[in-house]
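The structures come next, written out as structure tokens.
First chain A sits with chain B, and in the next complex the same chain sits with chain C.
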Partner chain A sequence: MELLIVTLALGLISFIIPRNNIKLFGLMGSLVSAGVAIFHLLNFDSTAPLTTLYENHTLPFGMTFHIGYDGLGLLMIMLTNLIIPIILLSNYNNSKTSESSLFHALVFLMQFGLLGVFSAEDGILFYIFWEFTLIPIFLILYWFGNGTNKILLKFFIYTLIGSLGMLLSFIALRTHATSFDYVDLVAAKLPAKKACWIMSGIMLAFAIKIPVFPFHTWQPDTYTSAPMSATMLLSALMLKMALFGMIKWMLPLAPEGIADLKWLVLILSVVGLLYAAVMCIRMNDIKRLFAYASISHLGLIAAGIMIFTKDALVGASVQIVNHSIIAVGLFLIAEILESRLNTRNMSEMQGTATLAPKFGFWFAVIAFASVSIPFTAGFIGEFTLLKELTDFNPWIGILSSTTLVFGAVYTLRAYQLSMFGAPKNEIFEDLRWNEIAVFFILSIAVVVFGLFPHLISDLVGPSLDRILAIFNAPTSL
Partner chain B sequence: MEAIIILFLTGIIALFLGIFKQPKLTTVSSILGLVAAGIVQYFPLDILSDKYNILEFGDAGNAFVILALMITALIILSGDKGFQEDKSHVGDYHALLLFSLSGGIILIGFKDIFMFFLGLEILSIPLYVLAGAKRQSKESSEAAVKYFFMGAFATCILLFGVALIYGSTQSFELEKILEFTAENPVGPIFYVGLLFILASFLFKVGAAPFHFWVPDVYQGSPTVFMGYMSSVVKLVGVFAFVKFFRIAFDNVHEFWTILIAVLIAISMFIGNLSALVQTKFKRLLAYSSITNGSYALMSILYQGSVQDSSLWIFMVGYGMSVVALITISTIVNDERDEISSLKGIGYKNPLIGLVAIVALLSTSGIPPFTGFFGKLMIFSAVWVNYPWLIILALINSAIGVYIYLRLIMTILSKENSETTSKLSITILQQGVLISCLVILTFGWVFLAGWK
Partner chain C sequence: MATESLILLVLLFPLLGGIINGIVGKNLSESLIGIIGTAMVAIPFIISFSIFLSLDKAIQIPLFTLIQMSKFSLNAGLQVDGLAIWMTMIITGIGTLIHIFSMGYMKGDSGFHKFFAYLNLFVFSMLILVLGSSFFMLFFGWEGVGICSYLLIGFHYNDKEKGMLNTLAARKAFVMNRIGDLGLLIACFLLIGKFGSLEFTEIAIKMKTIPIGMDSLAIISITLCLFLAATGKSAQIPLFTWLPDAMAGPTPVSALIHAATMVTAGIYLVVRSNFLFELAPYTQHIILYIGLATSLVAAFIAMRQNDIKKVLAYSTVSQLGLMFVALGLGSYSVAIFHVTTHAFFKALLFLGSGSIILANHHEQNITKMGGLKKYMPTTHMVFLIGTLAIAGFPFLSGFFSKDEILAAGFGHGPIIFGLLILSASLTAIYMFRMYFLVFFGEFRGDNHTRDHLHESPAVMTIPLIVLAILSIFGGALNFPSFMIESGSHWLDDFLSHSTFGLSAVHPHHLDTTIAVGIMIGTSLLTLTIIGISYIIYVTKKKTTKEESEFIGWEKLSTKKLYFDELYHSLFVKPIEWKSLNVLPFIENGILYKIISILTAFVVSSGNQIRKIQSGILSSYYFWMIIGIVGLIGYYLIYFKFWNS
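For the complex of A and B:
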């Protein structure tokens, strides 16, 4: 319980911390919450089906207040609580946001919502936290971003419509279950047709959030107009809610419907990942490029989750962690380039490496991590996912594998355009201490998870086994 | 019963205090009267109730009465600044509000059509006067006249319907009508009477196709009384509607539920689509009240233990949002009532900004605010019989979010308009805003408390 209360308290206290102390307070506070999460990790018993944090079943109307986590939930909680300090650290010198109490309060409220999503054990509670995360991120985008009202409305309404689909599914599911508790919802038996509708409703919410092609149109605009830290929050953490939700909520809740939706989601994901990758190759706006790259990477994860085998899910978990790390790195790079050159256009950035060798080095490290060379976590994750996809259907496998090639093309092209060649600009301030620290932590993490992927798979393995056990998937179509 | 008498006496005291030009004392006595009425309602004295047995509240009724009292108290506090400035009429305003509220309480507790009619008229007649309280303004006079004529017509239709019902069932008591329809077949006259009563109810709660008066009357009326109309009157109106139809006409519910479901769907769209294009704040609230009234009216479509609780929680969320929004509107105090005059008010005054965000998000049904729980409970209860209506309602929720989100963006904007640069906010208004904030944020606590 303290897991959630600490962040909520941090969020509320941040409102009243004066401007000149807020930077340090934010960083320290996020480290405290990270410490709490590590404490939970150390005491975690992976054999227990669920570590309950708080339970109250006396609410009327089938609602319950039930929060807890299994291995998968704990992985996401750890991810959230460790990424938030990194985001705040990389934002440390960005005076517009880092010296605002409001901004830190909203980040902590966002963290509170995310932790709630990852630890909710009740359908309505999940929905409440899911929607709650939208409010702080919207306010961050509104106050600290430079997006027009139109972009913001599109983002909010788009994601909200998806969420309403999920709410409708929960309401419909409730008529077959005794309460909204996760266990009861999973136990509900549904006729196949209804299950298909319920699953589509839930999938709509996740497909918009991930985003799966053709629901992705809100994403590039929102990412490019958002301040760096909000982009990081969105892509490193908020989109992961949807992938987590697919594994934990969508498939176990209405397993009868998967036969009808499997191919649809698979094909959309693969189309999306190819489409986004092709878009990336021609893109000159560096932040937009990374936004599309994010669609491409997440499409692969979504496709892998839909196959729903143990290996695919483990691969997806590794890739979820990896993508969060990479996303923070890439968007930090985009921000460094944008803030120092006042442009996002890569053709105007030539030769930065000669001016800022340290930056050139760390950009290369993150770029290589992003194209999943061996010994990085991305290699393990993508390789497992592609293997499972190929086992499932060779065509899908072959098509998805092109993402590796495309990924290398657009990432290295971005590197080449911005870093090599004769310098176009006179001065380029090299990395500051906090930026070096962020890149250092990220690269260490990528390599550690690349060499020891069992750190992740041991944590999520038992809970994935349990999900697969309740899930009685038809093996052939 | 005692609560009604206390309210009525407080109203008379307010009139006398008005004569002696004691505006501050009037406010204090009205608030004390409302609090006393609430206490008496919750811990009954049993001096009068047993003897006459004309009103019956029960737990649900008590909860609704207390909610109505609370909203009225908050509205009086938020409008207090405006009342004080108008020294010669402050007593009248208080007295009329309290008289109207005592009618509202009768409308919650009625057991037969006599008391129902009494309550309805006691509720309405002071409102006709209050709608025209801004005598210099043409719009206000128009609102009063329009409201009065429309209300009078609706009453005529109601009486005609009541006569037909009495003619075919020989009773004014709701329970006896129910018994009669269970044992005897009813003829077409009964159904015509039912339709007439339905029409007048739809008129009173402002649902399609009898919603035309709502925007004009709401826009013309002084802001505070408009807040009272769209919260308390809507609350007791919908509650009486549900109670009347679910008791008296329950045996023929196949006849009217589908009709009401269709009308609800139409009202939602009318309210929301019209609100999309409004530039006046109060007019926007008026259309939004048509939509929200139709959400509330959905509670007539099902029966059982959740009926009262879901409506109650919905009304807590909606009523508090209305109180918060009209308080903000009174603080801005813009004669033209343009939405653009709210620009930047939230950034300038964080309290207003926070309350506006919470109130608007709660009305649009975004968790974790109280409005969400009300909507959730109503929608999931209606889902069993009318899934199509819920799908339409969720589409409307999305439109609603668009409307309210634009409003939020205006309020939170970093740029200022002329009106927001000279804001003055009284301690009472701050108190009202804070209580709205607390109730809207911690609404889920009520869930646990409701038996």
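For the complex of A and C:
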């Protein structure tokens, strides 16, 4: 329980910390929450189906207050609590946000919401936390971003509408279950037609959040107008809620509906994956490019999850972690370029590597990690996902594999345009200590998970087995 | 020490060298960097030589499991057998010489330490590629060498004029290689699907229990995907156009990566998976024809290239094509033999051209050279040896290895044999055109350059001399049986002795009369071509035209048969067009509009609903009752229809 309370407390305390101390407080606080998560990891018993943190089944309307985690949930909790310090660290020198108490309070509240999503064991609770995360991120975008109201409104309304679908689905599901508790919801037996509707409702929320083609249009605008830290929060953590939700909630809750939706979601994911990749090939706005690249990468994960085999889910888990790491790195790179050159247009950059060799090196490391070369986590993730897709259907597998080529084209093009050539600008401040630290940590993490991906698969394996057991159990229809 | 730990040292040294030079190299002196870089390749050569001497059977060295999936596991492991150790010796041996040469060639370059770090890392990746015990490990090395190749082609990325072009060439190489990688990846998926493993030995064992038909769909798709990967790395049709562009890299890189080692990875891949290809005669035929076509196309293009490195690049593509012909004919050890001798003489030619380029102030156009014989005697001697070796001059290394390919082709009909002879003749023609234009006649460059023409320092000429000696005597590795009593076909025997699958495939040896006949025939042909070239370029003092002045077939040759233009309009343009026009239209014109309408609808309905919040209590009651009625209505309908 302290897992959630610590971050909530941090969020509330942040409001009253004076602005000249907030930077350090934020970093330290996030490290404390990371420490709490590590403590949980060390005491984790992967054989237990669920580590319950708090339980109260006496709420009205069959709602329960039940939080806890299994291996998958813990992975996401770890990811959240470890990525937040890195985000704050990369943001350390952005005085506009890093010296604001309000900003830190919102980040911690966001973290609180995310932890709630990943540990909720009740449908309504899941929904409440899911919606709750929207508030801090919206406020960060509103107060610290430079997006027009139109963009913000689009983002807010779009994601809200999606979530409504999920809420309706949970309520509909409740009519077949004794309570909103996860176990009860899973146990509910549904007629196939209804299951399909319920699943569609849940999927709508997730599809918009991930985002799956053609629900992605809120994303590039939001990303480009958001401050760096918000973009990182969105892509590294918030979108992962949806992927996590697909594995833990959508498919086990209404497995009867998968037959109808499998191909639809699979095809949309693969279309989105190729669509976004091709879109990137001639894009000149570096932040927008990374936003589309993110759509492309997440499309692969979403497609893999829809296959719903053990290996695909393990691959998806590895890739979820990998994408979070890479996304933080790429958006930090975009920020460094944008803040120092006052442009996001890559055709005006050129030759930065000569002026800032350290930056050139670390950008190269992150760029290669993002095209998932061997020895990085992305390779293992993509290898397994593509393998499962190919097993499922060779054509889908081959089509998705072409992202390997497209990914290399646009990533290396971005690197080439911004870094190579004779320098166009006079000066470019090389990396600061906090930026080097961030790149260093990210690269180490990518390589460690690339060499020892079983760190992830061992953690999530048993809980994935349980989810699959639910999924494969013969229904009484 | 046991072979297991020795082989780990072989891998460790280059990695260590790369790390040391990459991190602290900036603060070290050039000679120290060079010595570290060279030693980290030379020591593995000595170690691998000692392993080579004691090797009697294949050794498996499992390292660790990366991830255990439900149907398969990804393992890191090494395997030492005849083929692996032979490739290791080529890589580290030639690598050492090229490292030494680079100490002179890269002198004074601001990225000196980076260059040696990249070269060391390249050697490391290449060694993983050949020493890996599974397709998975092979893929690790495969991508690793691709990255090092990318970094080294674009090494001079901040050059004022050519910086962007260099990096464009690097990107082209990486992307075209990635297309091949796709093949390897899918082959891996298919192999897992069929055999549940990626380990070479396990697949070989399982092939005995899992029935897989000759030319069945499964085996053909697997082998074709593997071959696609090979065409990427080894620059064969259709993925060959990156290699000539890759000449943008510094010349030692061209010698090491784009001539001697990395581009032979495709051949290694096919030889390594020979047991798969043996079951797919269909694929073997494709390999044969692709190899032959590549060999001829590249040789034709090389006829009228004026850039000294481009000629050598196309010549490499052409020679690689010949190796694939050997593979297509099932003569795996012959292909490796040609890989070996080609590594000797092509490294020699590239390094020699590096020496020439350096003396000519980085001029690579052969129309601006000429008469270099008297300025650079050592370079001239070794370059002549290299040219003779590649042209198949009697009793030099290239003579023997090429002859074996011709002999293998002889058994497969007169057309294939004739085309092979044609390819070999073209090689001799373009090589001697270049040789005479560079070394004979009058110097055609500017006076300033002429006054500074000089022989290269010893650190560059010594590796050249060693390579020249190897190019002369390299044929001794695999003498045909009619020339010596015992010890003939030594390389064939060595490779088949301890490499899986090769012992089952016996190279087809022709009977002595025909073999000798072919040898005499090709020797005469080569000598005639040399004589005619001498008359044209030396006696008649003919010089070549600028590339822009060529017409007719010469223009076709100098324009590379318009392959680049074809690919550009077939693949690059349409995708870029989609990226620039079609998709943004869908994005902004359609999807964005829909969302905007949706948002506007929600906002306006919000404005409507706001009117309901009027503050009048009776109105709230009204809406409450409506709500209750609505809910009851919903449940009535719900229970009536949904649960029935």
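Keep in mind that, in the parts below, the second predicted complex is superposed on the first by the 472 of 477 C-alpha atoms of A that agree within 3 Å, B and C clash if a C-alpha of one lies under 4 Å from a C-alpha of the other, contacts with A are read in each partner's own complex, and residues count from 1 in each chain.
Here is the rule we use: a residue touches a chain if its C-beta (ideal position, glycine included) is under 8 Å from a C-beta of that chain, and two chains touch if they have at least 3 such contacts.
Here the structure is a predicted model, which means the values were calculated and not measured.
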Superposition on chain A - do chain B and chain C clash or fit: clash
Contacts of A:Leu134 with chain B and chain C, given as first, second, both or neither: first
Chain B or chain C, by number of chain A residues touched: C
Contacts of A:Ile161 with chain B and chain C, given as first, second, both or neither: both
First (chain B), second (chain C), both or neither touched by A:Leu153: both
Partner chain in contact with A:Met63 - chain B first, chain C second, else both or neither: first
Partner chain in contact with A:Ile124 - chain B first, chain C second, else both or neither: first
First, second, both or neither for A:Ile380, with chain B first and chain C second: second
Partner chain(s) touched by A:Ile208 [first = chain B, second = chain C, both, neither]: neither
Which of chain B and chain C A:Cys280 touches, first, second, both or neither: second
A:Pro423 touches, of chain B and chain C: first, second, both or neither? second
Region of chain C that runs into chain B when the structures are aligned on their shared chain, from 201-209, 363-371 or 615-623: 615-623
Set of chain A residues, in rising order, touched by both chain B and chain C: 153, 157, 161, 175
Contact footprint of chain C on chain A as seen in their complex: 150, 153-154, 157-158, 161, 175, 194, 214, 217-218, 275, 278-283, 309-311, 314, 318, 351, 353-354, 364, 368, 373-375, 379-380, 383-384, 386-387, 390-391, 397-398, 401-402, 404-405, 408-409, 412-413, 416, 419-423, 451-454, 457
Chain A - residues contacting chain B, complex: 58-61, 63, 124, 127-128, 131-132, 134-135, 139, 142-143, 149, 152-153, 156-157, 160-161, 164, 167-168, 171-172, 174-175
For the chain B and chain A complex, residues of the former touching the latter: 306, 309, 357, 361, 366-368, 372, 376-377, 379-380, 383-384, 387, 390-391, 394, 397-398, 401-402, 405-406, 409, 412, 414, 447-448, 450
List of chain C residues in touch with chain A within their complex: 65-71, 74, 139-140, 143-144, 147, 150-151, 154, 157-160, 163-164, 167-168, 171, 174-175, 178-179, 181-182, 185-186, 188-190, 192-193, 575-576, 578-580, 583-584, 586-587, 591-592, 595-596, 598-599, 602-603, 638, 642
